[in-house]
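A short write-up of the structure that comes next.
All chains are identified by letter, namely A, B, C and D, in their written order; residue positions are counted from 1 within each chain.
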Amino acid sequence: MSGDPEAIAAVIEFFERSIPFNRFLGFRVERHAPGECLVRVPWRPEFVGDPERPALHGGLSATVADTAGGLACLLALGGLDHPVSTIDFRVDYLKAGRLEDLLCAAKVLRLGARIAVVRMELYSGSTDEAPIAVAQGAYAVTRRAASRGR
Amino acid sequence: MSGDPEAIAAVIEFFERSIPFNRFLGFRVERHAPGECLVRVPWRPEFVGDPERPALHGGLSATVADTAGGLACLLALGGLDHPVSTIDFRVDYLKAGRLEDLLCAAKVLRLGARIAVVRMELYSGSTDEAPIAVAQGAYAVTRRAASRGR
Amino acid sequence: MSGDPEAIAAVIEFFERSIPFNRFLGFRVERHAPGECLVRVPWRPEFVGDPERPALHGGLSATVADTAGGLACLLALGGLDHPVSTIDFRVDYLKAGRLEDLLCAAKVLRLGARIAVVRMELYSGSTDEAPIAVAQGAYAVTRRAASRGR
Amino acid sequence: MSGDPEAIAAVIEFFERSIPFNRFLGFRVERHAPGECLVRVPWRPEFVGDPERPALHGGLSATVADTAGGLACLLALGGLDHPVSTIDFRVDYLKAGRLEDLLCAAKVLRLGARIAVVRMELYSGSTDEAPIAVAQGAYAVTRRAASRGR
């Protein structure tokens, strides 16, 4: 179920271009594999949440975590034919995000017939340092019969 | 500890104007009381998360929930002298948000010496209908001795 | 979908008697309605989690919250024909539980075709006081066609 | 801050013997290091949560996750002088637990001045297989000045 390259390209295109809020915030898929992805959010001064420290707004981390988790599910399912929606998720903030690109790595822990569980890690600037936040989400997945030749 | 009116006005001003991400997204404080608030996010087409249904992006709900929870803590503490930061939070999505104003009601359940627990409810268009999402967060609070005459 | 009385009695009987861990811990259904329940855990000295304060073990609160949430789903579905399992849940502890009966009120917030979301509140001794913990869980529900005459 | 061996032995002794609910359920510390531990819960027939599959009760997983997370904090802090209490935690169930020993690995992700964040993984029978549940918790820690020569 790793998806043909065309179906996967459509997932990335959809994520980056067809979801208005993702596009508005500038989300970019930096790496992807079945059930996994790394999303980059290029830095913008509008993303500051604490002007005094200063630090990134936690809500941006939450938004990209939620969204990257859904993308990891689509990549596990192999394409856009199988709708995915977030049931719930939790974020634990570990330290303040710096005023740099935000990165989110997401990995599907379990892909069931109806539910997927995904873990996300957020990084400031680079994935080489310890994460600034960790998240966990449950997603409803709908597996549809193969279509368009798949 | 309900705060003098000037200190509370400074909290609202800070929330709406001095936090760049809140300003970027257009968050407005519609109602407030000690430990409680109602935040409105006026609708913008950039907020769409699912262009097919279409529906609001869940990340916006998560962002406003996280932020409104912090505001409710500041309102409970009576002013900006006592820093507040999110430890973690969880969102459960109940139904798709319509393409209308998003509202978030937050209420402090417990205000401890170091930790506050806040419950949030998200509404689409009006608080008269059932919520579209519910959230719960823990916040670190730092109580400082009164300063600058407050 | 409120269930005939016999089906509901079977749910209560199953919860209290047929689930070994519930029976081991002494869970009792004190009140129930479609989508709602109140579960009582009569006090036992083995339930202490902090012998110095002393206070109730938080794990007992978590266990009863998880379980009462599942019961509330079964009560919403009207009987045991529709299997329910916990996807995930979160507990926020508000204050130490006293060495008294533990009570858990659970209420279904949303019952979807496949997912239910439930909110739980935990009380020490009586539901007249403020809760000692609040919880939120997502449950997978399987709606089966009516059987055995239902 | 890894603690002298005597202080660490006192933590283990406290965890296994002095917490009545841990003792009642038979929790045993199988491995430990600063900020990490592996807790084993030897199988007992009372732990069944679903008599039909049959499967382990999820509440037992939640209880051991909450508790092992607190132990990992004490091990990071180096002894019992620094009180730890759970603020909140979340469990995601990945698959049914078998009727075997339950294992919980906990690891502190962040140890701050007042808050620690811990990740837990639950296993059925052996840590060589994929986890049956994953959890994340926030803990309030109180760092006290060294005492008794430490």
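Points worth noting:
Keep this in mind: a residue touches a chain if its C-beta (ideal position, glycine included) is under 8 Å from a C-beta of that chain, and two chains touch if they have at least 3 such contacts.
In this text the structure is predicted, and so the values were computed from the model without any measurement.
Placing every chain at the mean of its C-alpha atoms, the farthest one from subunit D is found to be B.
Counting C-beta pairs in contact across A-C and across C-D gives the higher total for C-D. Averaging C-alpha coordinates per chain places the centre of subunit A 29 Å away from that of subunit D. Here the spacing of subunit A and subunit C, counted between their Cα centres, is 33 Å. Inter-chain spacing, taken between the CA centroids of subunit C and subunit D, is 23 Å.
Residue positions of subunit B with contacts to 2 or more other chains are 87-88, 90, 92, 117, 136, 138. Within the complex, the subunit B residues that touch subunit A are 18-24, 45-51, 57-60, 62-64, 66-67, 85-93. The touching residues of subunit B, counted against subunit C in their complex, run 90, 92, 94-95, 109-110, 117, 119, 131, 134, 136, 138.
The touching residues of subunit D, counted against subunit B in their complex, run 87-88, 90, 114-115, 117, 136, 138, 140.
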